[in-house]
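Shared between the two complexes below is subunit A, which pairs with subunit B and subunit C, respectively.
Take a look at the complex of A and B:
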C-alpha cells in the first residue's frame, strides 16, 4: 500500500518504513514556533530540546496594545536571550508567523513544523507537514523535540486548468469549502496538472485556510515553483520533498477545474458550506473592507489591491484597512509604491500584526457594521462586535468593493 | 488533576454545529495571565439572545454540555476549555470535535466525549423534554446513559486512562523520572540556559 504525502513525511519523521491513516506515530519536529500569545501563559521551561529547531515570532499583538501583551514581550526577549535562540523575530523584524516562516524558509519540504496557531497548516504550501497544536503540546515539543500524531485519512484534490484573470487562491478555497464543507480529522492534499498555474502566494492562501474546514494538514505537492520560492528565501538544499505514491490510499479524490472558477464570497458565520459565487450576494453595502492576515496579507495581495485602487478612491462611508503580513511585506510594498497608491486612494495601511483578523486591535468592528474581509475567519464576533457581519472574499473582491461601497465582482471595476 | 471515573449531572443542549472557539470565548476576553475568571465571557454574545438555553434557569447548574458536530473548531485558544470549566461544565458531548480543542480539553481535564450524531440528538431531545434529567457519563465502560439511552463513547485508550488516573502530560512524564535521570546522566546535555 502506497503513502500520501503526509503519511510519507510522518514515516520519515518517526523512523518508520510505512505510515498509514489510523496509525499513531511519534515524530521528530524539525521546527517549533513560539508566538507572542504563548508568553501570556508562560511556564518558563528550565531546559529545552534544541534552540536550533526553535523560533520565536511576535505576531498577534504587536506593537503591544496592552500591558499584558507588553509583559509577554518581556518574557519572550528574556527567554530568547537565555537560550540563545537565533531565530527570534522581535518587533521590527516581526510579522504574522506563517509569513515569517515562509520568508525565512522555516517550513521545508518533507519536514515537520509545529506552532500553536491554528493556521499553521499554511506551511503545507511548501510540502511541509505543518499544523497547529495546543499550547501545552507546543511546550512539550520545546522540551522534548518530539510530538505525536494520530494519522488522519487524506482527501486528494486534483487541480486542473488555470485560474482566469481576477481569480485567486481565496476563490479556490471558498469554492472548496462551499462545495464540500468540513474535513474534520482529515488531511487535504493538493496536486495535479493545474498546480503549475497556481503561484506560491495562492497555494499559501489555500493551505492556510485548511483550518476553516478543520483539516489536520493541508499539503501541496513540491514542484519547480516551490523550489524557486525556497531558493529565493535562503532555504538550505538539505531537504527531501515528499511525493505521493501512485497507489496511495485516499478517503476521497475530488477535482477542481481552476479555469471554471468565479469570484466567491463566504456569508457571515462560517466558511464551510457557506460560500457562494458572487452574483448570489453582490450589491450588499459594506462599511469596512479589510485586506490582511496570514492568508491574504502577502505582497501579491498588496499589489492586487494597489492595481485596483490606482487612480480610484475608496467610496465614501467605507474604511479600507490594509495590514501587511510582515514587516518585510511592508518594506517591499513601500519600495514598490503600493503603500503610496493605497494611501492616496484613502486606505489605511497599518503595521503588520494579526490585529483586526482576530478582533484584537487595528480595525475592530462596531455593532451593526458590515465588513468584507480577505482575512481568515468570518465567525460571529471574530473581528469585534458580535453584532457586526463579516463576509469573506479574495483581496481583489475586497479592493473592488471598497471602491464601490458594495460587494462587487472585481472584474467589473477593472473592466 | 482529579481522577474522573464517571460524572452524573444535568445537561444543557446547544443545537448548533461548528461552534468555533470565537463563539465560546472571544479573543479580547482572553487577556488574563491566570487560567480562571473566564466564565462570564463564555458564549457571551449568545447569552444575550432570548431563549439561549444557557440563560434558562431550568438548566442552571448543568455540568454536561450537548452540542452539534464540529464543536471547538477554529482558533487554538486554551481559554475556550477553561471558560467551559469555569462555568461548571465537566463534559462536552458532540459527534465531532475540532482537533486542537479536543487535545486542549484532555490536558485540562475536560471530558470531550464523542458520540454518534443520532445519539447526541436523542440526548438533546431528552434533556429539552426534562431539564432535570440526570445523564451519566461513565469512563470505565465508556458509555453515556440517560432515559433509556445507552450510547458508547468513542475515546482512545490513552485519553481514557489519563482521565481515570487523573494525570496530565507532566504527570505522565514524571512517571518515567528515574529513566529520564538515567538517560540524562549518560548523554550529552541538551540545551540549557547559559
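Take a look at the complex of A and C:
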C-alpha cells in the first residue's frame, strides 16, 4: 500500500518503513516554533532538546499593547539569551509566525514543524507536515524534541486549469469550504496539473486556511516553484521532498477546476458550507475592511490592494485597515510604493502583527458593525464584539469593497 | 485518576469554536477570571452554574479554532470530562494534554438531555445514561497515562525538565 505525502513524512520522522491512516507514531520534530503568547504563561524549562531546532517569533501582540504582553516579551528575550536561540525574531525583525517561517525557510519539504498557533498548517505550502499543537505539547517538544501523531485519513484535491485574473488562493479555499465543508480529523493534500498555475503566496493562503475546515494537515506537492521560493529564501538543500505514491490511499479524491472559479465570500460565523459565489452576497454594506493575517497579509496582497486603490478612495463611512504580515513585507511594501498608494487612498497601514485578526488590538470591531476581512477566521466575536458580523473574502474583494462601501466583485471596480 | 467518571451533563451544539469558549479579550486575564467567560455569548452566566464533576457534551467538530487553553479553563471550572460526536484534533489533544478526558461518541447528542447524569468508562469505552448505553473507542493506554499524570506538564516536571510543580494548569 502506498503512502500519501503526510504519511511519508511521518514515516521518515518516526523511523518507520511505512505509516498509514489509523497508525499512531512518535516523530522527531525538525523545527519547533515558540510565539509571544506562549510566554504569557511560561513554565520556564530547565533544559531543552535542541536550540538549533527551536525558533522564537513575536507576532500576536507586538509591540506590546498591554503589560501582560510586555512581560511576555521580557521572558522571551531572557529565555532566548539563556539557551542561545539564534532564530529569535524580536520586535523589528518580527512578523506573523507563518510569514516569518516562510521568509526564513523554516518549514522545509519532507520535514515536520510544530507551533502552538492553529494555522501552522500554513507550512504545508512547502510540502512540510506542519500543524498546530497546544502550548503544553509545544513545551513538551521543546524539552524532548519529539511528539506523537495519530495519522488521519487524507482527502486529495486534484487541481486543474489556471485561475482567471482577479481570482486568488482565498477564492480557491472558500470554494472548497463552501462546497465540501468540514474535514475534521482529515488531512488535505493538494496537487495535480493545475498546481503549477498557483503561485506560492496562494498556496500558503490555502494551506493556512486548512485550519478553518478543521483539517489536521494541509499539504502541497513539491515542484519547481516551491524549490525556487525556498532557494530565494536561503533554504539549505539538505531536504528530501515527499511525493505521494501513485497507489496512496485516500478517503476521497476531489477535483477543483481553477479556471471555473469566481470570487467567493464566506458569511459570518464559519466558512464550512457557508461560503458562496459573490453575487449571492453582493451589495451588503460594510464599515470595516481588513486586509492582513498570516493568510493574506503577504506582499502580493499589498500589491493587489495598492493596484485596486491606486487613484481611488476608500468610501466614506468605511475604514480600510491593512496589516502587513511581517516587518519584511512592510519594508518591501514601503520600498515598492504600496504603502504610499494605500495611505493616499485613505487606508490605515499598520505595523505588522496579528492585530485585528484575533480581535486583540488595532482594528477591533464594535457592536452592530459589519466587517469584510481577508484574514483567516470569521467566528462570531473573533474580531471584537460578538454583535459584529464578519464576512470573509479575498484581498481583491476586500479592497474593491472598501472603494464602494459594499461587498463588491473586484473585477467590476477595475473594469 | 479513576477511569470511570460520573457527572451531570451540559449539552451544547455543533461546531462550538474556541473563540466562543475562550474569547480573545479573556486572553489577557488570569485563568480564574478568564474561566468566568467560557461560553460568554452562547450561554451567558454558564461558568457560574458549573459544579465540580460536571460533564460537557457537544455535537460535531467540537473545538474548531485555535490552541487557546480552553481545557485549563474547563478544568478550573471543575468539568470532569468532554464528550462529543467528534472533536477538532487540536482541541482534543489539548484536552488530553491538560489531563481532561475527552471521548468521541458518535450519536451522543441524541442520547443525552442536559441535566442527565451519565457515566463514562474510559478503558472499556462505554457511556451509560440510565438504561441506555453507547460504545466508543476506548481511550488508548498512551493517553490514559497522560491523563493519569494530570497532563503533560506534570510529566515534564517529574522528568526534571520543568521546575514549577504548580505548572499543572499552565501554560
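To be clear about the criterion, the second predicted complex is superposed on the first by the 415 of 415 C-alpha atoms of A that agree within 3 Å, B and C clash if a C-alpha of one lies under 4 Å from a C-alpha of the other, contacts with A are read in each partner's own complex, and residues count from 1 in each chain.
Here is the rule we go by: a residue touches a chain if its C-beta (ideal position, glycine included) is under 8 Å from a C-beta of that chain, and two chains touch if they have at least 3 such contacts.
From a predicted model like this one, the values you see are computed outputs, not experimental measurements.
Three-chain overlay on subunit A, with subunit B and subunit C in a clash. Of the two partner chains, subunit C is the only one that A:38 touches; subunit B does not reach it.
In the superposition on chain A, A:50 contacts subunit B only, with no contact to subunit C. In the superposition on chain A, A:206 contacts neither subunit B nor subunit C. In the superposed model, A:289 lies in contact with neither subunit B nor subunit C. Contacts of A:302 after superposition on the shared chain: neither subunit B nor subunit C is touched.
Contacts of A:83 after superposition: subunit B is touched, whereas subunit C is not reached.
Applying the stated contact rule after C-alpha superposition, one finds that A:347 touches neither subunit B nor subunit C. The intersection of subunit A residues touching subunit B with those touching subunit C, taken from the two complexes, comprises 40-41, 46-47, 66, 68-69, 116-118, 132-137, 140, 150, 182, 184-185, 211-212, 214, 216, 270, 272, 358-360, 377, 379-382, 386. Per the touch definition, subunit B reaches subunit A in the complex via residues 18, 20, 22-23, 26-28, 31-33, 35, 44-45, 48, 69-70, 73-76, 78, 96-100, 103-104, 107, 156, 168-169, 190-194.
Against subunit C, in their complex, subunit A makes its touches with residues 24, 37-38, 40-47, 66, 68-69, 116-118, 131-137, 139-140, 143-144, 148, 150, 152, 182, 184-185, 211-212, 214, 216, 270, 272, 358-360, 377, 379-382, 384, 386.
Of all residues in subunit C, only 15, 17-20, 23-25, 27-28, 40-41, 60-61, 64-67, 69, 71, 86-90, 93-94, 97-98, 140, 142, 151-153, 155-156, 159-164, 167, 170-171 touch subunit A in the complex they form. Contacts from subunit A toward subunit B in the complex involve residues 40-41, 46-51, 66, 68-69, 71, 82-84, 116-118, 132-137, 140, 150, 182, 184-185, 211-212, 214, 216, 270, 272, 358-360, 364, 377, 379-382, 386-387.
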